[in-house]
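Consider the two complexes below, in which chain A is the common component and chain B and chain C are the respective partners.
This part shows the complex of A and B:
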């Protein structure tokens, strides 16, 4: 029982730190982009949350969803999760630790930065990612703009 | 009850004993098979289930090995990012892919494996590698549980706890221990807490591990080493829990936890191996037990069948033997062995049948004996009766024979008498002769003939045939003959005789018989024949030349048919050497054995070829012999009668033998010439011959001298060379003197006039006195003409 108490404590710490980080990057133009061939034009926040937590794994046409994440220390990543999923980085770590330990899931592929993420989304069929940079050409499909 | 059992009674009535028993045997066999089938099927299903479980165990061993490999590979992979992803365990997949039920689990495993490779391509993050490999291990654990379900390891009540131990708890414990070790190796804060939290999984598994091991030891007492392995493992887990507790406050204790988890992992693996071995051993034993059960059931079934068959065979043979005894006994009884009794040494109902048979046989034999005795008694009575009747019959037969013999004797007497009334002596004169014969077809005949001298020197011949045969005809023949003879002897013409006789016979003919007759009067002096015919065959005349003619006859009616009839006289002349034949239809109608009649033609031919010189008797005998040879022994159809009259050819009668009367002794035979000078020697011989009776000698010489002188002077007219034959014969009563000459017919006794005694000796006619003297001296004096000369017969009685 001590183990689970400890786990709950960690979650509480993550939730408390969320509000502080959110205020710092409030001005970034965050967009969720997808490979142009994906069968959807828009996804909502809930769907985006399910996709990036790998709770939704296939598009409506059955093709595999390939979520592209960013490195853990990226502010855009933190902002994305905060805005779209409402989860703090600690929460995410705990989520993926649990998923990893139980073998239930593997964290999404992680790009080094926005540009690489956009590149991966453009290249990989079924890919979906997010970016905060201005330069988003028509090679990808913007499916969600959190603001 | 009758109706209830009707079908089976009907069936039984149509089957032999052997088939009845066979039917019952088959039914019992089917019942046994039907009864044992579920048991056998259950055992078979149980065996198959146990085999399935064994197959599951074998699959489990492979899966457990793979699990250990994957756990170890994960451990390596999180420490060495260059470690290649694990190759898919082909043996495991191949085994699993054979079962469609495992398709989902296999797909999941393969997907996990693929994910490992994909992730390894873009991530060298140890946590990533841990996660992908853990997912693979999770997929394998799912496959192991699905496989366990597929092989029904979880539903075997005997092994449910052990199965839970093997397929769920121990793999989970192994994975948990492996994850604890690996997580602690990764040294991530957020994962370390999960490693501690995983202690809960181990703690929860403890009761199941204990239950599973206890069940295995219960099933497999020899697997006591399991308990030791479990105890070591549980001790290790407890120490691990203590260390984890300590790690909440002291992070350095995590290193100890890692060490302990490694040791416990090995111990858990050991326990798993031992548990698998124990479970498999149990299943093998269980299968052997079930197979043994199956064999036992089969043996019991076969044994029961053999026992029933043996029992039925015994019953059948016993019944068959009893029935055979009954059948043989009945057959023997029916074939006549009435003392047959049937013995059956069983205690069933057939004994009653045999007993009843024996009772019936005894009773039957007794009744038969009674019947046999009655029959024998009746037989004896019958035999006695037959003896009596036979004796009576013999007596009657003897009487009948005696009567028949008497009748026969009477008939023979009558035949003798009939023969006696017919003339047996026939005239055989110098110039003519007659002979006749009658052969009756039966004892008595209806034919008759007669020949008699008439007073005027002529001779009557008669032949007749009465209709019918036998006694009646014989009587009518006697009557007819008497009538005809009475009438004829007076010398009337034949037509009158026949007419008169016809009237007489018609008056006294109660049997309506009739008689054909031919009556003729022959004059030996000139060969003239005067005759009349009453319905008889015309007489046949044979001339010396051999020509045959039937004499003319009117178609006059037979005598006795109707009275008042008239008949016609005819005349015919027999020349010298001619022969006249009178016959009845017994001659011409005589039948040969082939049915042919003798006939007129044959008679004519015979008569034509006949030799009259042999004499009348010879002709009669020859004709009778000819007819007899024609008939050749066949029974005579009618009386046979014939009469022959021969006129001799006119030769001297010197050598003609004189007829000799019966009982006469010839005293003298003397021939002399017709000369007076030959008379004295004759007188001397007569005196010599009658020396004892000089009186007779004197009388004889007187008569001889007188008659011979008469013959020499008048009969032969002085022809001195003619011969005169003289015979003297003597019987007890009579002296007979016969003088025979060959002069023309001349009767000195009828033609000589009574002498006139008054006249002088010289005045008397020649010879007249002498003949008178002869008549006076002799008792009988007669003269005949026989066709060849005159015969003078003198009789003188010896007693005066």
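This part shows the complex of A and C:
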């Protein structure tokens, strides 16, 4: 049986780990990466917003844009949307609920983590994703560094 | 009737409500399942939405409805009938460019009878163009396609003064073509749509209660959206080429008008009447015949709206105009303005909406007494009184002030608490409220507590 002390300890651990985790997210370099063949070298936050909200669907050369998102519970994802699109996670979910249930669109493909996102971006022509990992090799393009 | 009785009655004898509540634990996640991960075709996806909401209405003479297609209004006391809804959707992707979508809803206010909201085949034609054929949600106003999907909307519901009438026909049988193209930082989305709507209206504001069947045919419209990164503007224009209403009450009225026109025409044939008087009666008979099927005609719906995300602020606004080309229905216009601000998971908001009749009531001068036949004149007076009553009942002028807060406490759930104050211009104008008899206390206060879920 849990005691109040257990709950207190759990709460303390939760608070501390939350703080440490957020500090880690804040320090990681958030980058928007794209397949090397996409016809742009840079995108701005406005373009990234429209790409990840799937309002903008083709690159300038006609290639289909394939945005790669991260899973719902990813803090990197929340940070990306806050920084780049100015939307809170709840606002984003409301946006996709609207798109889905009115038949106007479906959310982007989702990767399990940064590494899978980078792999998908590297493999799929037209793909664009984001990552907070330190190492981004030359197999993808960095097209936006929000900070 | 005591409020607690309403509460017990609403919860105890509604298996549908228990069904909604029983499904709650199943709504554990949304998002991952609705988005194709590594799609292989054909692929089938299930998703859904639900709102569990209770309202308290303080007016014993005026119920609140989201549309006149709602069978049971949220009357005085506690009710779950205004916003509670369960919806399910199936998306069947046959190929990466071809899909079939079905969406059904069941509303507590409509006794949980299943209704089809979406049922279409979608074909993507290149990256810019797509076509949907079948049943789509009404795209007439800015938020008319999202009214039942509480989670997707900031408030408990889109402003009823301007959406109450439109919500009565939530779908369009036909299809649309969507074309999307970027111009700099603006994506333009052009949606052309057309089809027909067949719907039923339950009219608690008329006596006796009756079901009116409505047919909107030759519906065509165009919506143009300018989608900027932080704000979307949308202009839409919809023409209803032919609008026809049919009900037992209307049939009686039409039969009466036909008889009266025949009676007046018969008087005109009296050889003893001077020619000018006879011609006047002929003209009067023709004018009476013009009043048959007084609701029928055409209509134009126009909407201009925006939805902006400005930092932590959310601003929404819309102006609408309904211009029916029928003898009975008057032109109305209105607007709504909403502002909300996010504090983490909490978003308090305030909204004001107004809808006003802009043109005069039906002209019933054709039904003035002839002075020649007492029995006929009594019939004309009765018909005039009835038409004047119906014309006044079709005045949808209403304003509302809403204050509330949305709490996104889980990743697929939001709790909303909202207070609404509705008011019509005077005690004999029902507006968009469900009123049995006038005069009535024309102010209604509604408190809503609702849980919105997507799964």
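Following the convention adopted for this analysis, the second predicted complex is superposed on the first by the 122 of 147 C-alpha atoms of A that agree within 3 Å, B and C clash if a C-alpha of one lies under 4 Å from a C-alpha of the other, contacts with A are read in each partner's own complex, and residues count from 1 in each chain.
The rule is simple: a residue touches a chain if its C-beta (ideal position, glycine included) is under 8 Å from a C-beta of that chain, and two chains touch if they have at least 3 such contacts.
Not measured: the values here are computed from a predicted model.
In the superposition on chain A, A:58 contacts chain C only, with no contact to chain B. Judged by the number of chain A residues each one touches, C leads among chain B and chain C. Of the two partner chains placed by the overlay, chain B and chain C both lie in contact with A:94. Contact with both chain B and chain C is seen for A:102 once the two complexes are overlaid on the shared chain.
By the touch criterion stated above, A:133 is placed in contact with neither chain B nor chain C.
In the superposition on chain A, A:119 makes contact with neither chain B nor chain C. In the superposed pair of complexes, A:71 makes contact with chain C only, with no contact to chain B. Looking at the shared chain after the overlay, A:86 reaches chain C, while chain B stays out of its contact range.
By the touch criterion defined above, A:46 lies against chain C but remains apart from chain B after alignment on the C-alpha atoms of chain A. Touched by chain B in one complex and by chain C in the other are residues 93-94, 96-98, 100-104, 106-107, 109-110 of chain A. Residues 29-32, 34-39, 47, 49, 87, 89, 91, 101, 103, 118, 120, 122, 127-128, 132, 136-137, 145-146, 149, 151-154, 178, 180, 182, 185, 187, 189, 227-230, 309, 311, 314, 342, 344-345, 347, 408, 411-412, 414, 454 of chain C are the ones touching chain A in the complex. Contact residues of chain A toward chain B in the complex are 2-4, 6-7, 10, 93-94, 96-107, 109-110. Listing the residues of chain A that touch chain C in their complex gives 45-47, 49-50, 55-58, 62, 64, 69, 71-73, 85-91, 93-98, 100-104, 106-110.
Of all the residues in chain B, the ones that touch chain A in their complex are 115, 119, 122-123, 127-128, 130-138, 179, 183, 188, 190-191, 193-200, 244-245, 248.
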